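The two complexes that follow have chain A in common; it is paired with chain B in the first and with chain C in the second.
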Partner chain A sequence: MTSILTNLFDGVAYGMLLFVLACGLAVTLGLMNFVNLAHGAFAMAGGYVCMLLVNQHGWPFFAALPLAFVSSAVIGIVLERALYRHLYTRSHLDQVLFTIGLTFMSVAAVDYMQGSSRVFINLPAALEGQFDVFGVGIGRYRLMIIVICGLLTIGLQMVLAKTRFGSRLRAAVDDPRAASGLGINVPQVFAFTFAFGCGLAGLGGALSAEILGLDPYFPLKFMIYFLIVVTVGGSSSITGPFLASLLLGIGDVAGKYYVPKMGPFVIYTMMIVILIWRPNGLFGRTAAR
Partner chain B sequence: MFEHKTFSRAAAIAAVAGLAGLAPVKAEDTVKVGLILPMTGGQASTGKQIENAIKLYMQQNGDTVAGKKIEIIVKDDAAIPDKTKTAAQELIVNDKVSFIGGFGVTPAALAAAPLATQAKIPEVVMAAGTSIITERSPYIVRTSFTLAQSSTIIGDWAVQNGIKKVATLTSDYAPGNDALNFFKEHFTAGGGEVVEEVKTPLANPDFAPFLQRMKDAKPDAIFVFVPAGQGGNFMKQYAERGLDKAGIKVIGPGDVTDDDLLNNMGDAVLGTVTAHIYSAAHPSQMNKDFVAAYKKAFGNRPGFMAVSGYDGIHLIYEALKKTNGDTDGTKLVEAMKGQKWESPRGPISIDPETRDIIQNVYIRRVARSKSDGELYNVEFQVFEAVKDLGKTKK
Partner chain C sequence: MSASSDVGFHAQRHARWHYGEAAFWLIVLACGFLFPSRYLIMTDILRLALFAMSLDLILGYAGIVSLGHAAFFGVGAYAAGLLALHGVINEPVLALIAAGLAATVLGFATSFLVIRGVDLTRLMVTLGIALLLEALAERFSNITGGTDGLQGIEMQPILGQIPFDMFGKAGFFYSLAVLFVLFLLARRIVHSPFGLSLRAIKNNPLRAAAIGIPVNRRLIAIYTFAAFYAGIAGALFTQTTAIASLDVFAFDRSADLMLVLVIGGTGYLYGGLIGAVIFRMLQEVFSTITPQYWQFWIGLVLVVIVLVGRQRLHYGVLFLPNLLIKQIAGRKAVVTVPESEA
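Up next, the complex of A and B:
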């Protein structure tokens, strides 16, 4: 019984992590209709920034996390203004080719600067180990992930649903022409959203170093997971990817625990089943739009 | 005029000297060695270590042997077998190399095997560790190790040291399966019991569920084989989940605690017992000198891949000495068979029958060094002159 709960806890933590990593992609892909395969590169950038600050400059881990967010967001906005915006109106194939090229460049650049071996972030002692709650093992680090990601999710949902910026964004997405006619600065809204998505990825990258491992191949290795989250969740809101992440995280952990022989396939099997049942993802847009 | 004359004479001398310096060494005086290594990609640290070690060896021993100048050509295959094959073809056909060497992973070594056979060129395997490799071509000689060597020994050691129940966690690919099978065979033959067997996918993002399963199985120890690089993540999550406090030890072939990465793994790794062929803390004078020279030249600690490269180039030098500079591939392989020498890892030799390496396997425990505060594998027991048990079984 206790191991069921521990697994559930691990699964939720893993799912939350997937969500923070992938939700930026859900935004760019779903809201802005842009295929950004280089999303993982921003996550990696955040991870490396955090690692350098903590390990080499002695920053405390919790101070470095926001910096991971900011640096990825800044890189994101620079690239968006310089490169990405020229591709918004191009075909998806062009976007794929461009972003995959960017991914390879990021891999090579980080490999050149930091070497190809895996890096670790020195964690404060408070985050290490597990404690027991009624016999259920709770990992401190994973608990922190759940707390941070949970708050982020609530915050994001509030911003999108309740604020003026959220409604501007939704308007800009639904009909960019009408929105700009109403005086909404659509490119600015997109640039900001893009940067925010990149920042979230950067934060996710910093958080995931401990669990997924951080090396220059991160963007390629985990691209597939981000895409699964977005496809399964559907890309019309962030609730979809959120639930998809949780489902996949819990499913993956449970699958690996209970049927280790099948472990690696569970996540793919779930994707296939869900997509057969709902081809547009759990919360996909209907064909009407 | 006088002045002019001296000037022109000086110029002439300088010109002649310059020409002599620039004049290409005649082709037959050069022996080319083609190295195919993963210099990029996930295995890049293997490639870099081997390349570094070879550079170091040539700095220490000169680049001429038996009157021939040794020229090294490095090709990057990123550990992708198709690229290995292309690189081997280019090296053999265009560059006319006399040796091919390196090979970061088993599939790469296998991809080059038919070419070595066809071209009758020695293939010196300096990294890949699956047993079958040397059987794929009569021209393959290995200076690294086989997983059978370390895995059988740790199996024997575990039984002898009161470890009765073991759960295994191995990566699901050829070397992982080799490690698992050889370990299991020796461990169960000695009366041990494998209570849980988990194979993790090669691209494994998270060990948590597997480790939870290990913890619930309550074994005396976990036998682990994961590719270099994942070892750190594994050890951290092992400690996070409190398996160390639950009294579950980690044992395995030494790849998990490779010197290359060991020092970054943190205290979780302390006490891990592994069987392997090399530790940077090996107490011989030769190794101390080797480690010091390597650190001085490249700024980090050599791992077992570096030593395999160092021995690989040594074997090439010795073979050329024995043939007196003759580059006939068959003669070179013959010359390599039965070679015996003192390596930084200890005494080693090439088995004349299998062309595989015979070497000591050491049981080591991870401890923090008192002198520099870094983590090392400290050897405390030796199994001498271990052959590749993967082949002797058959």
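Up next, the complex of A and C:
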């Protein structure tokens, strides 16, 4: 019984992490309809920035996290303005090729600068180990992830639903032409959203170094996971990808624990079945436009 | 002249053999005699060309974007390896066909998943199938040899006559023959009414359905057929290198394949062949400059190609040869400009 609860807890932490990593992609892929396979590269950038700051410059872990966010967001906005925005109207094939190219470049570049082995971030002692609540083992680090990611999710939902920017974004996504006719600066809204999504990915990358492992092949290894979250979750709201992340996280942890021999088999089968059953995602509203 | 006979006239004229095409194949054949020390790399290029032609059939003619074409390559490779290893079918040509058929079965089974949904779902499903097969191959390592791959494959002589030699001469001519035969078949098919209907589907599925083309059935047919080609390419890989390992399913393989086709251009069959040559050359150059980081430069090539625009790039490359042909022969260019991308 307790092992089930511990697994559930780990799964939730894993899922939350996936959500923070992938929700930027939910916006670009699901809402802006841009196939960005290079999303993991931004996550990796954040992870490496955090690692360098903590391990080599002795920054405290919690001070390095915001910087991971900022650095990925800056890289994101530079690339968006310089390259990505030319490709919004191009075919999916072009977008796929372009972002695969970027992914390959990022993998080789990080390999060149930092070596190909897995890196670890030195965590503060307060985050290590675990404690028991009614016999259920709770990892401190995972608890922190759940808290941070939970707060972020609530914050995102509030921003999207309540603020002026949120309504602008929703308007720009629903109908870019009508939105720009109403005086909304659509490219600016998209650029800002893209950068914010990249920043979140960077933060997720920094947080995930401990759990998912951080090495130059991160963008390729986890690309499929991000895509699953978005396609399974659908793009109608932020709740869809969130629930899909939790499902994926719990499913993956449980799968690895109870049927270790099947490995990633469970996840891929689940994804294909769900996509066949509901091509627009579990919580999708319309087809990807 | 009525409209239908007019269309038929143009289609037939388009389907005729040009001198340029004959010259192309003669040059390829001549390479086999001119560079006897380069058989291994040339065989590699031929395999890649066949694999790229397979993707061209579904991407260039039917407009299906696939990120998991390595699935069929891998199935063909393992099928050929297992057939040879356990001595089920010893004769390479028969084994080749059997391996191709194994991939065909998988292609047929998965085509129903692929024709559903839009580009994005297709990308995901094809990618998912390739990853699934990779996971399966790893799981059943007692059959596939796991990460070590299938080892100790002994190839019997081709047609019981020509043994594979260590310099790869037999392998090269064998691959070339297979490629040429399959090319003829593909050429026949894309110029047939069936092939024309595929182009109609690619340009506008709704309109194609409205004029009475059974869209889904045509897509299933071409997807299955392309799977056969990819399976043969995979089987050639195993037969000429005598090894099959997990990386036949790798995502890199599917991604590289896209690059090959993008370099060469889609929708005129030669794109895969030309792209394969250029891709391998680029790879050679990059890996001599920076052995470990050649992927960076491959990525850069992809990014630049997309930013410049594939259309413009091909026009630029073909500008000079077309001009020369116009000046010298005084007639319309024979070098086909790749069709526009939907």
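We take it that the second predicted complex is superposed on the first by the 285 of 289 C-alpha atoms of A that agree within 3 Å, B and C clash if a C-alpha of one lies under 4 Å from a C-alpha of the other, contacts with A are read in each partner's own complex, and residues count from 1 in each chain.
Note that a contact is a pair of C-beta atoms (placed from the backbone, for glycine too) under 8 Å apart; a residue touches a chain by one contact, two chains touch by 3 or more.
Every value quoted in this text rests on a predicted model; they were computed, and no experiment measured them.
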First (chain B), second (chain C), both or neither touched by A:Thr103: second
Which superposed partner A:Leu227 touches (first chain B, second chain C, both, neither): second
Partner chain in contact with A:Arg118 - chain B first, chain C second, else both or neither: first
Which superposed partner A:Met271 touches (first chain B, second chain C, both, neither): second
Which superposed partner A:Gly137 touches (first chain B, second chain C, both, neither): first
Which superposed partner A:Pro187 touches (first chain B, second chain C, both, neither): neither
Chain B versus chain C as contact partner of A:Pro66, first or second or both or neither: neither
Contacts of A:Gly213 with chain B and chain C, given as first, second, both or neither: first
Contacts of A:Lys261 with chain B and chain C, given as first, second, both or neither: both
Doubly contacted residues of chain A, that is, touched by chain B and again by chain C: 108, 111, 261, 263-264
Chain A residues within the chain B interface of the complex: 3, 6-7, 10, 14, 108, 111, 115-120, 128-130, 137, 139, 141-142, 210-213, 215, 217, 221-222, 225, 252-257, 260-261, 263-264
Chain C-facing residues of chain A, complex: 29, 35, 83, 86-87, 90-94, 96-98, 100-109, 111-112, 220, 224, 227-228, 231, 261-265, 268-269, 271-272, 275-276, 279, 287-288
In the complex with chain A, residue positions of chain B that touch it: 40-42, 44-45, 172, 198-201, 203-206, 208-210, 212-213, 216, 229-230, 232-233, 236-237, 239-242, 260-261, 264, 266
Contacting residues of chain C [partner chain A, same complex]: 59, 65, 67, 113, 116-121, 123-125, 127-129, 131-132, 135-136, 138-139, 251-252, 255, 258-259, 262, 292-296, 298-303, 305-307, 310, 341-342
